[in-house]
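One chain, chain A, appears in both complexes that follow, with chain B as partner in the first and chain C in the second.
The block that comes next holds the complex of A and B.
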């Protein structure tokens, strides 16, 4: 495991820990009202917001929403994208044309504006936010997976399996899917980061779940209640750092994890060859 | 002797030269004064607003042009309001209300050389046309009750009403209703759709000379050196439109503009620190005549129950509400709701005060008990209670409304009452309007603008009335008193009735004033002087054009 992956995993482990143990770690109830605009002190390490809520506690609880949306969205998007990509890449022909056209149309639509429109039309809750993010995020996974599957299906061992009469479903699950691990892993990790950024953008615009603590919503109030213009750095900087660090964590894991996996593959192959 | 003669001659010549010298001195003083006055004129006043430069129609109040007309600007109002909110003559120079309040005789400035901005003379026919157009075509809510207009002579008309409404209508139409040029608008029924260039022709002291919609800048120039006998001190006005108050404030701080104008939409109190202590900038603070308020829905339970309303009034954290809404200058509102800056304010009523234990006791006694042991109270009949908190839709202040709602929900939870936010109302203007009209709201967070506070009061939003049919208060005595307020015959009578209404509102907890805040309309003081900051409306007002001077 290289250093970058270790750094990424450390960041994500910290965020995950904070999210899971938010009720224990938070010094205050994040919804508890108090004295507004308090600067950082021993009582409130990151100060308070415009209604006197403790910003550190808001951040801890915000990690839960941001991570939940990020991870669930990434899972859904990866499953949909991988399934469609495999189907398009393996079957080709009419199936490929339909899925590719669908993907092209979806890719032509600007994702953030479309997500905003979807969120605006749906009832604002966690589930609908995830749905809106998923609807606009599956396309790139499909394209990448499809290209890779098209390469794999031409390999001799797949041809051999086909000749031996193995069913398509069997080949896709047993032989093609395991060979997509590296791509799927990278896409999944990157999708978490993308979904977290989209959630932050939506919440910043006031389209998140009102009253629910998320990093985007903390930024929303810091901006729209003039914390930035008044220089209340303790209000707007922490959520920016949290979003940036968690995205960095996923990026490190995605980019360098991919290299790590490649190295492992090469190593395994060499070992197999030497054993042979 | 020779010396004496010389002295005498000198003395005589000196005495003889005195008047000449005095005359010369007077002439030179006048010249200097004229020069100084000319020097003191403000050549260009740059005003920033968030209203777009997108509508130029004297018939509507839209865009920066429409809103600037509230300041007796391009369009000439019949009457205007002074600094203290009192009615002042403008193009309607005098008026006499009949004792029975069913008519008034008004005199107009048709003999003072005023012309329309296209050069046509302003006549009494324009006055009659304008009033009849408002009655028959626009059916303007400002003049509800005005029925007919009769010409008396070339300066005077008699205006008739369908009841004792003369003062009330005058009060309502001040600064918002204008004279229209008959030669342009005669025959045009769909005035909103009319987009001819002459739609912006008025007869006020300024006329539009340039519109740059790409840059969102509109330039106006004065029509003459004097208007209605007063010297116009600002030669040219530029109104620049900005996307938000943030960018407007930055432009003001940079000296790109001289003052902010946004009608009654003051800067949010949370921006106060960014405009305080800036060199050459006055925060333009004044007491807001308007106020944020909580309106109870009388059509639904539990807000139709006086005991529940009393409990809510005791449950709220007014200090936090004042700080959240009004910032450092926010003040806890009184139980009479109406702002202390409004004429007719009742100073005898106490301020709101939080008493959580009292709120709990009231709820216990009224039967709102936690019967299922989940920590939340149920309705007296045992059914689940979930009070809906509906904030008014406001595109620029949605964050503040959401915060107010959050405080209310948290405060109610502290006394065991479950309340939920009506999220759709925060995001959807149409939904908010329709829901409000349905009268099915429970706790409605709203705002009384300074204009409404001046001539209708915050109670307009609580009683069912022609101007605001969605009020749900069903206390007959209160509603009748409100009707008496809007048809009062004088400012004194209006003030007296308003005071009584505040007492009744406090006793019956018809609504709750959430904060008495300040209005902030900042302006630069380093180059221009003579600003008059109108309470609740700021330094750009009907007096600005005559009072400013270059420092």
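The block that comes next holds the complex of A and C.
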């Protein structure tokens, strides 16, 4: 395992720990009202917001929503994208044309505005938020998987399976899918990051799940209740950090399976010396 | 067993890749098709298995155990492949999935035919198969991934996988391609284990053909030039092309006066004998009329030199 992945896993482990044990770790109930606009103190480590809720506790609970939305949407998107990609790439012809056209149409739609419209019209709950996020983001996975499958399909061992009487479904599941492992994984990890950002954007715009704590919604209130204008940095900086770090964590995870960049460099240098 | 009658395969408007090829392969016979690159041998094999792209136009009759293969539907054909007709691909290619151990892939082929076979039985059969093909440490080989094996070992593993489903007819496409002499010897050894199977093998390796074949068919530029017993071919080749090929072998003096590569342009192939440009016995008639595939005793040859005599 290389350093990037280790770093990413450390970040994600911390966030996951916090999300799971939020009720234990939180010093206060995040919904409990108190004295507003307190600066960080030993009582409220990150201060309080406009209605006196403890911001640290809000962050802890917010990790739950952000992670759930990120991971669930990434799963849905990856499953849909990979399935369509394999079908299009393997069968080609008419199937490919239909799926590709569908992808083209979905790609042409401006995704954030569409998501905003969808969320605005649907009842704002976790499920609908995930649906809205997924509805346009499967396209790039389809594209990438499709072109890779087209390469794999032509490899001798896949052709050989056909000559040995294996069915198409069998070949797709047993021989093509495992060979897609690395790109599907990287796409999935990036999709988590993507979905978390979209969720933050939606919550920031006030389209998130009402009454539920998420990092985006903390930002939303910090902005609309003049936290940013008044310079209440303890209110708006922590969620920004949390979002950035967890996205970074997932992005770093995407380096899985690649050689350590720095180590490889060192090795090359050594080889050069020994040849000289 | 396998009857091929007047099979022509063409792709669109171009010159046919295979034209009017006929052969009748008896049970347990070892038929080897010899010919240089581009003569249409591989296309013929794929045509038998119906694995050509949709743009291919296959004419004629291919009958396997009395049933017409060309009339079979996709689903039916899928059942024939592997379990009744198996296929061994070219030697140097990576015919094995890089992500699974060799043994696992062979077991999969065994189970495709016999779905009721137990895990342990299938494994035992796989190990027996591997040891039959000259592997010593079969358990270790079975657990190895394809990249851990050498080219010759991979080719033998592929042959084992090809016949794992116990098909009665084996099609092999240049199984010695890209292998050195020692590996070729191993592959020949592996093929000698297929005594109770019918073999249709395509190659341009004459020495491999000599070791494996019982009958030989020579193809040149999409056409069948000669068809005879192995001994007859190596002792008294009739067709000028067969003679030239044999003369080019090291033991026959390495006499390679092959002129140039087979003509590709339709202009030359449209009329007369396909071999005319390289033939030492060329005469006027060869460029005007296509020679018929005449029977001479128990062999057949396509050349005006003999057609006139017959």
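Worth a mention:
One rule holds for everything that comes next: the second predicted complex is superposed on the first by the 254 of 276 C-alpha atoms of A that agree within 3 Å, B and C clash if a C-alpha of one lies under 4 Å from a C-alpha of the other, contacts with A are read in each partner's own complex, and residues count from 1 in each chain.
In this section, contacts are C-beta pairs under 8 Å (C-beta built on N, C-alpha and C of every residue); 3 or more make two chains touch, one makes a residue touch a chain.
Predicted, not measured: the structure shown is a model, and the values here were computed from it.
Once both complexes are superposed on chain A, the partners chain B and chain C fit side by side without clashing.
The partner that reaches more residues of chain A, of the two candidates chain B and chain C, is B.
By the touch criterion defined above, A:220 reaches chain B but does not reach chain C. After overlaying the two complexes on the shared chain, residue contacts for A:163 are found with chain C alone; chain B is out of touch. In the superposition on chain A, A:124 contacts chain B only, with no contact to chain C.
Applying the stated contact rule after C-alpha superposition, one finds that A:229 touches chain B and leaves chain C untouched. Minimum C-alpha separation, chain B to chain C, in the superposed model: 52 Å.
Put simply, chain B touches chain A in their complex at residues 246, 249, 268, 270-271, 273-274, 317, 320, 323-324, 398-400, 402-403, 406-407, 409-411, 421, 423-424, 426-427.
On chain A, the positions that touch chain B within their shared complex are 31-33, 35-36, 50-52, 120, 123-124, 206-207, 209-211, 220-221, 224-227, 229-230. Partner chain A is touched in their complex by these residues of chain C: 49, 51, 78-83, 86-87, 89-90, 93-99, 108-109, 112, 158, 161-162, 165. In the complex of the two chains, the chain A residues touching chain C come out as 155-157, 159-160, 162-167, 174-175, 178-179.
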